[in-house]
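For clarity, chains are labelled A, B, C, D, E and F in written order, and residue numbers in each chain start from 1.
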Amino acid sequence: MSFGDESIRNNPVTGEEYNPQKSPRYSGVSTFMRAPLLEMTGEELSSLDIGMVGVPFDGGVTFRPGARLGPKAIREASRLMRTLHHATQVAPFDLCRVRDLGDVNFQNHYDINNCVEDMIAYYSKLHQAGVAPLSVGGDHSISYPILKAIASDQPVAMIHFDAHTDTMGPLFGSKFHHGAPFYHAAKEGLIDPKHCIQIGIRGSEHHGTPNNSLEMGMRVIFIEEFVTMGVEAVIAEARKIVGDMPTYITFDVDGLDPIYAPGTGTPESGGIHMREAQQILRGLRGINFIGGDVVEVAPCYDPTEITAQTGATLMFEILCLLSEATAKRNHG
Amino acid sequence: MSFGDESIRNNPVTGEEYNPQKSPRYSGVSTFMRAPLLEMTGEELSSLDIGMVGVPFDGGVTFRPGARLGPKAIREASRLMRTLHHATQVAPFDLCRVRDLGDVNFQNHYDINNCVEDMIAYYSKLHQAGVAPLSVGGDHSISYPILKAIASDQPVAMIHFDAHTDTMGPLFGSKFHHGAPFYHAAKEGLIDPKHCIQIGIRGSEHHGTPNNSLEMGMRVIFIEEFVTMGVEAVIAEARKIVGDMPTYITFDVDGLDPIYAPGTGTPESGGIHMREAQQILRGLRGINFIGGDVVEVAPCYDPTEITAQTGATLMFEILCLLSEATAKRNHG
Amino acid sequence: MSFGDESIRNNPVTGEEYNPQKSPRYSGVSTFMRAPLLEMTGEELSSLDIGMVGVPFDGGVTFRPGARLGPKAIREASRLMRTLHHATQVAPFDLCRVRDLGDVNFQNHYDINNCVEDMIAYYSKLHQAGVAPLSVGGDHSISYPILKAIASDQPVAMIHFDAHTDTMGPLFGSKFHHGAPFYHAAKEGLIDPKHCIQIGIRGSEHHGTPNNSLEMGMRVIFIEEFVTMGVEAVIAEARKIVGDMPTYITFDVDGLDPIYAPGTGTPESGGIHMREAQQILRGLRGINFIGGDVVEVAPCYDPTEITAQTGATLMFEILCLLSEATAKRNHG
Amino acid sequence: MSFGDESIRNNPVTGEEYNPQKSPRYSGVSTFMRAPLLEMTGEELSSLDIGMVGVPFDGGVTFRPGARLGPKAIREASRLMRTLHHATQVAPFDLCRVRDLGDVNFQNHYDINNCVEDMIAYYSKLHQAGVAPLSVGGDHSISYPILKAIASDQPVAMIHFDAHTDTMGPLFGSKFHHGAPFYHAAKEGLIDPKHCIQIGIRGSEHHGTPNNSLEMGMRVIFIEEFVTMGVEAVIAEARKIVGDMPTYITFDVDGLDPIYAPGTGTPESGGIHMREAQQILRGLRGINFIGGDVVEVAPCYDPTEITAQTGATLMFEILCLLSEATAKRNHG
Amino acid sequence: MSFGDESIRNNPVTGEEYNPQKSPRYSGVSTFMRAPLLEMTGEELSSLDIGMVGVPFDGGVTFRPGARLGPKAIREASRLMRTLHHATQVAPFDLCRVRDLGDVNFQNHYDINNCVEDMIAYYSKLHQAGVAPLSVGGDHSISYPILKAIASDQPVAMIHFDAHTDTMGPLFGSKFHHGAPFYHAAKEGLIDPKHCIQIGIRGSEHHGTPNNSLEMGMRVIFIEEFVTMGVEAVIAEARKIVGDMPTYITFDVDGLDPIYAPGTGTPESGGIHMREAQQILRGLRGINFIGGDVVEVAPCYDPTEITAQTGATLMFEILCLLSEATAKRNHG
Amino acid sequence: MSFGDESIRNNPVTGEEYNPQKSPRYSGVSTFMRAPLLEMTGEELSSLDIGMVGVPFDGGVTFRPGARLGPKAIREASRLMRTLHHATQVAPFDLCRVRDLGDVNFQNHYDINNCVEDMIAYYSKLHQAGVAPLSVGGDHSISYPILKAIASDQPVAMIHFDAHTDTMGPLFGSKFHHGAPFYHAAKEGLIDPKHCIQIGIRGSEHHGTPNNSLEMGMRVIFIEEFVTMGVEAVIAEARKIVGDMPTYITFDVDGLDPIYAPGTGTPESGGIHMREAQQILRGLRGINFIGGDVVEVAPCYDPTEITAQTGATLMFEILCLLSEATAKRNHG
């Protein structure tokens, strides 16, 4: 099955056929990986396999804001992506019908509770249409409403890259914030902690802050253990934890060392290296992924633009994983 | 009366006397203009004339966040300020007891309504203690709670520099946002529109958006009229509008041309030049200022740091105005 | 006549109606001023009044390249634009059907002669369809092929803002380059030199380089004369020169002082100020504009992004002029 | 013993209790790790265990200046630090009374000899009061006067991370410069070369420049040997070299690869990775540390701010080591 | 008389003739304005009219260092300069034999007194050879030794652009620093205060700091008076003050508004605009200039590079003035 | 044999002897590694062993231009290099007579075919004079004409570091571009594919793009294999492939991870680390190198300047290899 040719369009002025994904990368309007925009194609939502969604929300941060500008930065940077994974030979746009769905619209972006509702509603629609979501944040608080929508039937497994566990309780007076999505997801049975793995955790803490991840039974690979284990063991552990459950994958760019992602709100020195991240991601083929996200790209702190490039690259790696799993589910 | 010598302190290790405001500007801890920090001196709040306050809140922006980092950026940049205004010969730290009060603490920075309450409570305490506030934002939504606290007894006049009128009604579902502070302030009788002047207004709009400033009777000097009138006429107009009323002064750095303040959330090309702003501010001596603020410095968009320098300079100009007025009220 | 409501679309997932031009400015896919993309609407080219075109070509520069990334930078920055000009009350999207046409496709971007051919072909199609072009470069060499296409019937008048005359002959072995477009345009009768005015010219030169603009009869306002004349006289002069001829307007951002456009290939100190440029542009209402361009935005030299904001603002000013003239021609 | 609660203070306006070290990280005045400032608490110097000191001196550099701005940059960046080390569970502010002492004052910052005298006097006072210093440079020339003050009784051991040995003799006519501190320290018996280890040394040289470190008997681990040995062997070697002697630790950020510290005066490609540095530092627990420093952060060369984050993180790692050793000495 | 053709050289590989000053501006080794380097031509020093000299010294700053990197930044930026002044038609390289002399070598750059001696010796040699110096700093402390060398016979007049008077006495323990050059120059009879004019002075001060410029009889045009007078009156005043005396011209880029020179150590908001500076400089033709300098470009604070462009442009303007005066003296 | 003292020159003003390569690194005119410029020394081309050449050409890029500014950026950054390799103790300037030859001059930089001709002519002259070239790009398209000139007699072996194979056929209508140099070099018998090794290859692709490197018989070490093999095995493989053939070495900085080279046109995440690259290069001693290049440094995308530092460091590593091989050939 091959959907890749659906990217071809005609220049609206000259009528010439061209494929934006194969045109010079400095030209054309920015969509995620230069894929077609659903608003442009007018296709039925339910005809899609995978929807790439921007979630320009950073109302959940604890320190430096700016991740609301992540989707537009990653759309730009994803011009660097082509259509075939050189190492795995996966061609996501051939395996699945993949579209850029634009951004989530918010009714009231000043009210985090309201935004959570909007996101739940949005992703519920997607889920009902049978479309697997690949989202770009925004801060990490977006993962809770996504899970609320797509894991409403049964708990899912999760592979989570991050410097922080993001399983805190309320903070500074709010239930929702970017350090809490997986606390609520676990408490509400959206993710099954025993089938969740968190990779790259590190950074100074405060006395008396419980590690809810460990208390709830998640597998936490701190960066120190990560270094000792090596990449192959991490892959094996992740595969063991999630098994054949439907699995969500979430990548907070601050899980990487800040050299790869200086443009993020709460960097922590000494993280995962990009080659390691890529090697791990490629080692996760065959898992039954049902969705994923890349979060916490805040481009305003990074004049080199490497953070957005990093985010776009991770998004492509995850898209390859998700398209294999989705093609298997949808197209056999 | 002279309070300036109160800045002198002893090096805690060597015991040597030094004046942080006159030490090399690359050294020492950053406070606003290197003034004493109230938490350091332990003085009674009520002994102060003027309190310099950081308000690290940007939960009210419509586009690019980052102004929550304004207070720390301006504390750093205000190292460039000395203690005597070269043109007016005003020495604010001699005329008044001026302290850095640190930043407003928020209970729940995710809830704009709650933050507004916190700010009202904070500034009410200040007001009750008889301290005139000079605040550094944060976004422009902070001006409403400040006015709510300090103009609770009677409406005040206002001089407002900005690219935007900030008298909009609710937006994107929220009553409070950085485009609305003066709508509420006027509606609630905190400011008297007939004694309010807005200077530098410009920027594209949408059909059907009412100009509430004009409808409520404020004097609006659009940038086009500003250019035609010239600086002296603007000064005269401002003085006429506010008369001898107690007057609040608020300076949104986006009122300036973006060349002086690229680090702001919603820049508008073609604004006030810095020399014009300084000339106008110096032309406002003698007005009965009771407080002021400088807002919308978002340093993450400006690697040259000129925005913070601009903000610190405006803050010093306003401090000079406020210290003259306050000294007259408090010390005759 | 009002076309503005055509911007409204439905969220492809939730079905909610929204107007991208009035949504929060950090969200959604970037098109010029968030206008509809013709490839998205599928409308007939001939139904348009004005086409906004990106021309990502910088193969004609003499010094620093990078303007090929101008269209994407200006698409991003034009999020700051709204739909109504605050000073002139012109609403271009209501007056005319205006669409983003995407970027010109090039067959061989390594061959400047070939690219010139591609551009001529592209703009000829537009011209034949009766669509007025508003282009975003790219370097200034793009103006020649545009004029070749749209002024093929009869010479047009021209208003040209720039630090350089761009009427040089061959340079470094090439007929085409960004210093030559108007030499060829004049020599080939596309523009009538006597009805051309160049504003803001300056910068060091070499002995023996003829000033072809003056020799061909153009009106050249060097920056020194500009300062002496004042803005009103410049407006009057421009109006006199172009008269009621069909007129092309071209704005090289290096005509402005580099403080407004550090991100350009060949900056020249001491240029036009933004307020002056805006005042002049607004003074040109009523001229029979048939097209225009904004060129030489090279974002890689400007981490503050002010150059792209400047470019987007100029583009909006020109769009207002062009929409008034086009509405008059097309819709009476 | 626990001193951590001493960080709690009252908001000087509202009277509310708050702990700056646990408040939102964008708020409040910047001190090292948001610890109390001694000038604020007014405590007796001799009641402290550890003093964090800024040394804004870069008069000893050989190439690019700017490290005088290191203390203020690291104070800002250290907002990212919390109070408990996640891997070692050391809580330095609980183990010891730790204060920010502000910056060293210089009488004449134009005269390097005079500055050295000032630093010796300052650190002698600290040393006499029994306070262990943790300093932030400034350039590496500051380590000599620190050692002169604190190792005056007997030679100490040293662990030194750097790209350069900093044991050169006079250069460009001066005895003191940032390439010489450990030459003088060894020659004057402040450090015992046989108990000194230098880690990460590399970079091109000139023929005929003697390697004084080797000649004086220091253990030098060039980066090539470092890579071959691996981190565990480096730790073992460092522990063996310093034994149970009182030990000074000094970390020049240019010892790291420039990707972690682009903001430094003399970067050398191919250095220590941050994870390695952290692993080594954590492997040094139990050594009898009596002081330490982090030097050569020159923020002006690094718009991403990663250098200051790196510096703050290293400072926290060293603080954890120093607080354990100091608590053992002072509090058993 | 015409020396311009002496710039032509042969490609050392192909033998082709080329003129670096007229080659594409991205190519070739950087010298000031791509002029020949004296070390390359091997000409006699005494055969020159004007020497362009880099003075990479910033040991005299009071706040932010970095101006030692000014000469290399301005050499790079001066690629933008051509060979003929477009407004005055002065062709400095035709009028005079102008060479890049490289940089001043220092014996001991850590000792400001020693550096002052080195500079005096260097410029004395130049002066004895009859070469007029055009220097690029470095900080402003370099002007004193230059004057010491070239005005040893008789006092000269001076035109000085700056935000600061630079006539302070000793500061922070040192006689020499960048705020003092003209104090010493006047006290030692190198400049005649009655024939000195300082333009653009501003910025906050401290009580009790005497204005030595006024006390010594210099004409000080503060920025406020500057704005009121207008450019033509400033020119007239400057011409009147210096009369027909031999005149030195010194331009500190912080005299300009920081928008033109963010990359400087001590910016002061609200300064001279570039068009004004250029207009004034062009109004000074005919004055008997004997030397000049451009100082305080510290490129590390300015990622846009506009400061270096500004500095290069000012240098070219001054070169035009100096070459006219020198040609008149040397070649009639 | 030792040529190093030939770098010593006399200050043209004071006559003092100095060695630019050992002077403070902030001073003097920028040449590659501060080596003498051939145009300055006036030596016979044929007396040289190695020529360092700038090739400011980026007309072959597929995405982001800017590498034409690579030579000037690397000249500046190479101030960080000294004269002796610390690990190998190779002193290239002693072993060989090495000069900076300046930049290649182009007749018509708008025409890539013409530029290729110019480069062939230039390098043919060098080759005929017996000078081994060490070139700095510019984009990677420069390697073809270099090889055309220096491998005209017999095919050479090649060691190639890159993210891309650069063996594509025509693209976007052009035979020549930066993705094609080694396709043509192999097809024309300039390099022998069986003796070519490409290291670090990665990045997404398109279906149907043949891997010409593999098809032509080159040894391609994709980054995944690279990680698995380890550095020592890569060295062994490279040595085996090239054997004792004359060997060209080409290093595209995008072969490194983008953290070391954000300033490049087409970065690909997850590349070679700098320590690995250095270790490999040092492992190649003894190979019969006849030339080399470092390409694709585009400084405008990197405000931290690390890319240019990286490029300068690689250039020094390659110079050491080339000087050993050349000394052996030329001086025994």
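The working rule: a residue touches a chain if its C-beta (ideal position, glycine included) is under 8 Å from a C-beta of that chain, and two chains touch if they have at least 3 such contacts.
This is a predicted model, so every value here is computed, not measured.
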item	value
Chain F and chain D - chains in contact with each	A, E
Chain whose Cα centroid lies at the greatest distance from that of chain A	E
Centroid comparison with chain D (C-alpha atoms), farthest chain	C
Centroid distance [mean C-alpha coordinates] between chain F and chain A, Å	39
For chain C paired with chain D, centre-to-centre distance based on mean C-alpha positions, whole Å	55
Touching two or more other chains - residue numbers and ranges from chain E	24, 26, 64, 68-69, 106, 109, 172, 259, 301, 303-304
Pairs of chains found to touch, sorted by chain label	A-B, A-C, A-D, A-F, B-C, B-D, B-E, C-E, C-F, D-E, D-F, E-F
In the complex with chain C, residue positions of chain F that touch it	58-60, 64-66, 68-69, 106-112, 114, 172-174, 176-177, 300-301, 303
List of chain D residues in touch with chain A within their complex	4, 21-22, 24-26, 79-87, 91, 94, 259-260, 274-275, 278-279, 303-306, 309-310, 313, 316
Chain E partner contacts - residues on chain C that touch it in the complex	62-64, 172, 201-207, 222-224, 227, 257-259, 262-263, 266-271, 301-304
Chain D contact footprint on chain B (complex, rising order)	9, 11-14, 16, 18, 23-24, 26-31, 37-40, 42, 45, 51, 53-54, 56, 68-69, 71-72, 75-76, 100-106, 109, 121-122, 125-126, 129, 303
